[in-house]
Amino acid sequence: MPGPQRLVDGPAFCGVRTFMHLPQATELSDADAAIVGLPLDSGTYYRTGQRFGPEAIRNASVLLSAYSTAHRLDVFELLSVIDGGDAAVLPGDIPMSHRVIEAHLRPLYAADVVPIGLGGDHSVTLAELRAAAAKHGPVGLLLFDSHPDTWDECFGQKYTHASPFRRAVEEGLIDPTRSTMLGLRGAPDGSEDWDIARRLGFEVRTAAQLHEQGLGGVPAQARARAGTGPVFLSFDIDFLDPAFAPGTGTPAVGGFSTAQMLCLLRGLAGVNLVAADVVEVLPAYDVAQITAMAAAQVVFETMALLAVRRKAGVA
Amino acid sequence: MPGPQRLVDGPAFCGVRTFMHLPQATELSDADAAIVGLPLDSGTYYRTGQRFGPEAIRNASVLLSAYSTAHRLDVFELLSVIDGGDAAVLPGDIPMSHRVIEAHLRPLYAADVVPIGLGGDHSVTLAELRAAAAKHGPVGLLLFDSHPDTWDECFGQKYTHASPFRRAVEEGLIDPTRSTMLGLRGAPDGSEDWDIARRLGFEVRTAAQLHEQGLGGVPAQARARAGTGPVFLSFDIDFLDPAFAPGTGTPAVGGFSTAQMLCLLRGLAGVNLVAADVVEVLPAYDVAQITAMAAAQVVFETMALLAVRRKAGVA
Amino acid sequence: MPGPQRLVDGPAFCGVRTFMHLPQATELSDADAAIVGLPLDSGTYYRTGQRFGPEAIRNASVLLSAYSTAHRLDVFELLSVIDGGDAAVLPGDIPMSHRVIEAHLRPLYAADVVPIGLGGDHSVTLAELRAAAAKHGPVGLLLFDSHPDTWDECFGQKYTHASPFRRAVEEGLIDPTRSTMLGLRGAPDGSEDWDIARRLGFEVRTAAQLHEQGLGGVPAQARARAGTGPVFLSFDIDFLDPAFAPGTGTPAVGGFSTAQMLCLLRGLAGVNLVAADVVEVLPAYDVAQITAMAAAQVVFETMALLAVRRKAGVA
Amino acid sequence: MPGPQRLVDGPAFCGVRTFMHLPQATELSDADAAIVGLPLDSGTYYRTGQRFGPEAIRNASVLLSAYSTAHRLDVFELLSVIDGGDAAVLPGDIPMSHRVIEAHLRPLYAADVVPIGLGGDHSVTLAELRAAAAKHGPVGLLLFDSHPDTWDECFGQKYTHASPFRRAVEEGLIDPTRSTMLGLRGAPDGSEDWDIARRLGFEVRTAAQLHEQGLGGVPAQARARAGTGPVFLSFDIDFLDPAFAPGTGTPAVGGFSTAQMLCLLRGLAGVNLVAADVVEVLPAYDVAQITAMAAAQVVFETMALLAVRRKAGVA
Amino acid sequence: MPGPQRLVDGPAFCGVRTFMHLPQATELSDADAAIVGLPLDSGTYYRTGQRFGPEAIRNASVLLSAYSTAHRLDVFELLSVIDGGDAAVLPGDIPMSHRVIEAHLRPLYAADVVPIGLGGDHSVTLAELRAAAAKHGPVGLLLFDSHPDTWDECFGQKYTHASPFRRAVEEGLIDPTRSTMLGLRGAPDGSEDWDIARRLGFEVRTAAQLHEQGLGGVPAQARARAGTGPVFLSFDIDFLDPAFAPGTGTPAVGGFSTAQMLCLLRGLAGVNLVAADVVEVLPAYDVAQITAMAAAQVVFETMALLAVRRKAGVA
Amino acid sequence: MPGPQRLVDGPAFCGVRTFMHLPQATELSDADAAIVGLPLDSGTYYRTGQRFGPEAIRNASVLLSAYSTAHRLDVFELLSVIDGGDAAVLPGDIPMSHRVIEAHLRPLYAADVVPIGLGGDHSVTLAELRAAAAKHGPVGLLLFDSHPDTWDECFGQKYTHASPFRRAVEEGLIDPTRSTMLGLRGAPDGSEDWDIARRLGFEVRTAAQLHEQGLGGVPAQARARAGTGPVFLSFDIDFLDPAFAPGTGTPAVGGFSTAQMLCLLRGLAGVNLVAADVVEVLPAYDVAQITAMAAAQVVFETMALLAVRRKAGVA
């Protein structure tokens, strides 16, 4: 069963940087999940350079190991995971890049392989959702983000990293009634910003609420709302505070720690995850790889969620 | 009404960096508040280079937007704010620089414009307080800082960033009975350090106390103590932990997050703010602008406090 | 006459960062030249983030002073220069951004103001050339660059930073018989790359040639070839070696020092400069502002070239 | 009594960087404690370069001051502390380096001087424990770490930074029944990893437990378990979250803040500390010295714990 | 024929980072040359962390392209090159790591594949030379380095990065009469240092000589001395000046530019290269990848030297 | 005889960072020369933070070794050198700091110890010259600098880093007829700037001249002009190009390489050096210590110049 290099196999710093040293494969028949890089950053309206996000996350991933102490399981005893390379996006051409991404992902869905995307800016999630919905129909969205990304337009443009979830609802890719947005705090342009998300049907939990009320029941509520249907987990790394994730495009103070991130992600055990991504890692602003390491951990936790289901015999 | 560039006006990364793209103006008659750079760093006894603080904060400010989700208002619908440029300090000459700063601020007070200072080291606050008190009489001080800055002398010098509040009390610029110091923790030189602050009449809340007891009632207590009189809010960026604000002169571990900072500042709604500053931003030690972004947010929160009062019809 | 802040006016680190503290103006009638930011980076095929180039160059420019020791003149006694702000480009939409840039520049040409552009990626030069040629007809090009930027397409895209001079020749904006390319060395995709430039009619001086033969007669040859007609000087900062300009998008080893850059630029005194730009400054990869400082110096040298002509009474 | 430079003696940035400007001494008769650098990093299996840890910690230490506000005492009125220089380790030769370290420490124990080690990777602690146990017999261990460091082998090697506490138990240097491990979270290689530590007899408190249950009773429990016997406190800087300590070899997200670190360390007042170290500081990955400052604070807190005992008359 | 991704295949920033996106292969039958990572850094006596050198060089290599303008050929039309992964070295165990490296390289030699090593510290070259000499007998050495690396011992250790060429001569791996050392300047421990190299039989060209006399005839002399026999080219990145290669272990001021490096390497066309390496890249000290890019260029130039021979029909 | 740690004594990264591990001593009777830190930066008009220059230079110095290949001598076999610690300057008070520096140096002169200063900003040289002239009378100055530092005033201040040599001539500390300034290029405020230096009597060699004419006869000319009288060598690190010395206060493009620096300094063998300094190292802007290493090398070269004289029996 394809799996990562084990620590006992040799030093983690040896070898070409696929995600966790997983085999880079195009053969999908044996795989349960695949890491896919989505290095598009043409949809950004502030800092840019997220195209190097997949490189950075792969580099940082080699320090991860296979065992989840939270879920008490070895991810790769339960799941076969490959590194599926990158979609060959076209810088400067968002619509075409979205088509490239969708085309890159469709064979994965056809082969029942769960794709885990490495952004790239958040505009890539729209393309991922198109591929997901083509297989599963409208999915529940679990969004970790400091922004709702539900603007209609940004400088007259409709397909930037400010609008993927507006578009996704319009295109019927998301079922908002099963969806939750967590961590909103970043500079809204007016009172409308977050109300739009609510009016689109999303459950919105702002950072201020989470900081005040604590994270206690939050994962359970998100799970309950998501129900048993297919769920897409999208993690914008700016959910984390800039102290924990400086390497991102539109950082927002007042965010969350990685300890809080782990608490929330691990609390989602049981959701019917059909895809996930971690986006907006911008290595040129990272320091000592801390953003990339946090992103790699998010990927690991999503794989662990898949493994939990497999272990329980439901996936 | 002068205001910042809106996000709909074009990308935030376009244009000369005034604070939030606010108009740089010398005409004060239409303004409610003015951003003023105070790039003095000759009063520092450890790291120096705070002279580039205003540049860094202005650069970081362009990612801010006008709407306060905490107070549910658009700051620039309520307030007219300008960027008043920098006071032309003289490096190496603290007394003269203090006179320059005071002279730069007096016309603002004369025109009923609230000055919001961008330091510079903390010695600049003494000059700001002189201008403030000349208009308002002794003010209440709300100090966010890891140090009390109430030494008498430092290597025989009386006007450094270690002593502004000692001097200010001596000069009758501050009413300690309406004043609170929050966050003290940085290396004191002896038992006297914090006792001096208490003996001068300040309410002192140490970091250890705040960490142990939580921040719950703290803003309300500070507001109650401040009463209805004029208040000066001074925010030394080293109130934040070095993880959140590495770019500063005398960092102190065991500090606060930006989430905690927001909780405290937003809880001050209602105070009669007549001036504010954010000081000790030292860009040469910053990473990925996180310190500068935090400082810019502090400025935004103080403007929002002014807007709350305006909205309530009391300013 | 509008000019920069002089050193005697106060510390260079004081004040909002326009280029050299020049007045930010929209009134063109008194101006001889104008600095214009062109923060587009959607045309990049490797590193991106050049949108922050104008900010970085302005920040670095304040250490410059008015006097040219090479030409023995005070630039601002001879020229009136303003900071004309930034063109409000649209990230992700190159054609529209090019129209915005051209529209931003046309009034300058109408008012006989020489525009000096701050990139942004090299795709912006096409828009600048369109505005220049609309006024002056085909211009001679003096290109400092490690790449010829004369590809036809890059991933099927025709308007990226790999093709501006191909497009410019096709559109009749450049007169190649009066044009010289200096410094070519960066990774060509095949034997064709530089031959294309030659076939388009450019004089090509590769880095290998310049290193072997020395820079002695080079400026004179470029001047002779340019003749008396209008000349556009475009300086891609990757002409410099990565050691001298690490902050750029497609760095190429084996480049030039800033001393060599000064030698070449100063040797161009006499050319009929009608526009200039410095492009591809990417601050996220810069260290200690050395790239931005080099770029600011390029701008100063181009202004000095204008002043030389003014002093000689020919402009 | 040997002590550090006081703030009143002159600026902290003056003078050769011994720890806190303490006298560098080889004469031990007057000393109560000694700082000793242990710049070995040959035992690392991921990032390396901890050999510059002592330099960085000393550099950062000069901003500390003598007074502990937590314990209300002046450390250097109670204790005489020297900087004992570095053990001359041999890079690439772990066993020999361990012998060098032990030989460097033995005279300190002979003179009743408490050694406080500055790592270096965590493998140095084994050598320190050998010297400690030679004097005191098996010691209680208070370990702050994201990993238990109890592997048997790592790539067939038995004396790396992955195994010191396994070896120490085998060699009878530690009494696990008096020992506690705090903060475990870093990538284990399987279910065995932490169970090994438990089976060796250690009390294990994982990061997940501490985050969920809070730190309230933790120091008291650790003190109770340690009893009155001799205790070795070992602080791996990766106990802190990468946001607070990016400069380390095997960072692990989901860690602790420096405020939490202070809470825990200060809560240990009363333990019978006979030695301490802070390890795994890797300056090449540090930013703005925040990791080194945190490490220097750990050293200060351990000195303060010694001073508490001295003040109480029990040491 | 295995080759790299071409620029026309898609953006260089897409895809897993093998060297120049070359296929990672274990099948050697079709290959002419193979990139092999040798991430050992246990042999360093100053800065360490060269274990991340191969990662950094691979990351930087993707900006290279296939065509050599100097030699007017497309490397990958002439040569089939693969990325052969990394040798699984054991940190802390130099002799064992050397055996691992040698074992990793022997099959390449058996299959007539030219290995191009990515260090790692310079101690790895000894292991490479053992594999080379096993196939070819004593080789000529072309060494670019600021140090001769011919110490007998360093702190009693015989197999560090200070001694590979002493050992290699002793073991009969090198034919000094066909060997040249270029660029010596780094801190020698005494008059003996360079005399040893000379007495061992090497031709020594110091940096001072090269700077004074120019590089004109140097490559031809080195070629003439090397003759027609097999040659090993070893490039210690500290041959370059720290301005051009800051990311290295024992930098030495007064070095060479990358332009000079290109001049020398390209002048070696014709030598009978049987192996090459580039060593001592230490990414933790690199800035903006300039060191890694220079190292990647060295690799490209060595491949181009192989292609020149192939084109000439002599290999 | 006091000397540095030898490489054979142990790894250079071990031990407290005095300059080259030289003994820190207050006993002067055995010493020929002494390193003295002068961490004043209150005289800076642009970037500041040079107070950490001595720390950084000491840290970087440990990689130096004792043998000069240029002069073929072991410096410490000929000279006894100590690390004399730092003068306890007062930040913000230039006149008082100058008195402290002079007082710190006078005992050295009294004991016939040659002081080698580590700045600090260039204003410290005035204090050094006062001490030098008190012993030796007016000295010849050999200045390596991008600026002449001969302004009369800077913002009305007479004792900044812009004026030391104006003041020194006025005070009769320098004999301009024996003095040479090398490397001038940095932004002058007008035609007067360099003419002032010439009118004061200095020989001025601009960077443009040196780049054009080469460095061939330059050291000999400077030596000839200096004659046999006492000479003070002052090296402002911004003589080097920002690529070679990014960590400085007022960098100027178009500068010199470290290879050129070595050529010039080594060419001065024979001058009657009575003091030297290296100033304007600003570590907060340094990268990978390259500036600090260059400065440490300057110190070494000045010590070697002393050793040359000692070897020749003239000192």
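Read from first to last, the chains carry the letters A, B, C, D, E and F; within each, the first residue is number 1.
Here is the rule we use: a residue touches a chain if its C-beta (ideal position, glycine included) is under 8 Å from a C-beta of that chain, and two chains touch if they have at least 3 such contacts.
What you see is a predicted model; the values in this text were computed from it and never measured.
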Open item on the list: Considering only chains that satisfy the touch condition with chain A, which of them also satisfy it with chain C?
Closed with: B, E
Task: Pair exhibiting more inter-chain C-beta contacts, B-C or C-E - done: C-E
Open item on the list: If more than half of the interface residue numbers appear on both sides, call it same; otherwise different. Which is it for chain E and chain F?
Closed with: different
Open item on the list: Rounded to a whole Å, what is the gap between the Cα centroids of chain A and chain D?
Closed with: 38
- [ ] For chain D and chain E, let me know how many angstrom lie between their CA-based centres, rounded off.
- [x] 40
Task: Numbers and ranges of chain B residues touching at least 2 other chains - done: 10-11, 13, 45, 51-52, 90-91, 155, 241, 243, 257, 285, 287
Task: Chain-chain contacts as defined at top - done: A-B, A-C, A-D, A-E, B-C, B-D, B-F, C-E, C-F, D-E, D-F, E-F
Open item on the list: List the residues on chain D that touch chain B in their complex, please.
Closed with: 6-8, 10-13, 63-67, 69-70, 72, 74, 241, 243-244, 257-259, 261-263, 287-290, 293-294, 297
Task: chain D partner contacts - residues on chain B that touch it in the complex - done: 45-46, 154-155, 185, 187-191, 193-194, 206-208, 211-212, 241-243, 246-247, 250-251, 253-257, 285-287
Open item on the list: If we count contacts the way the header does, which residues on chain F are in touch with chain B in the complex?
Closed with: 41-45, 47-49, 51-52, 90-94, 155-157, 160, 284-285
Task: Of all residues in chain F, those that touch chain D in their complex - done: 9-11, 13-18, 24, 37, 39, 51-52, 55, 58-59, 83, 85-91
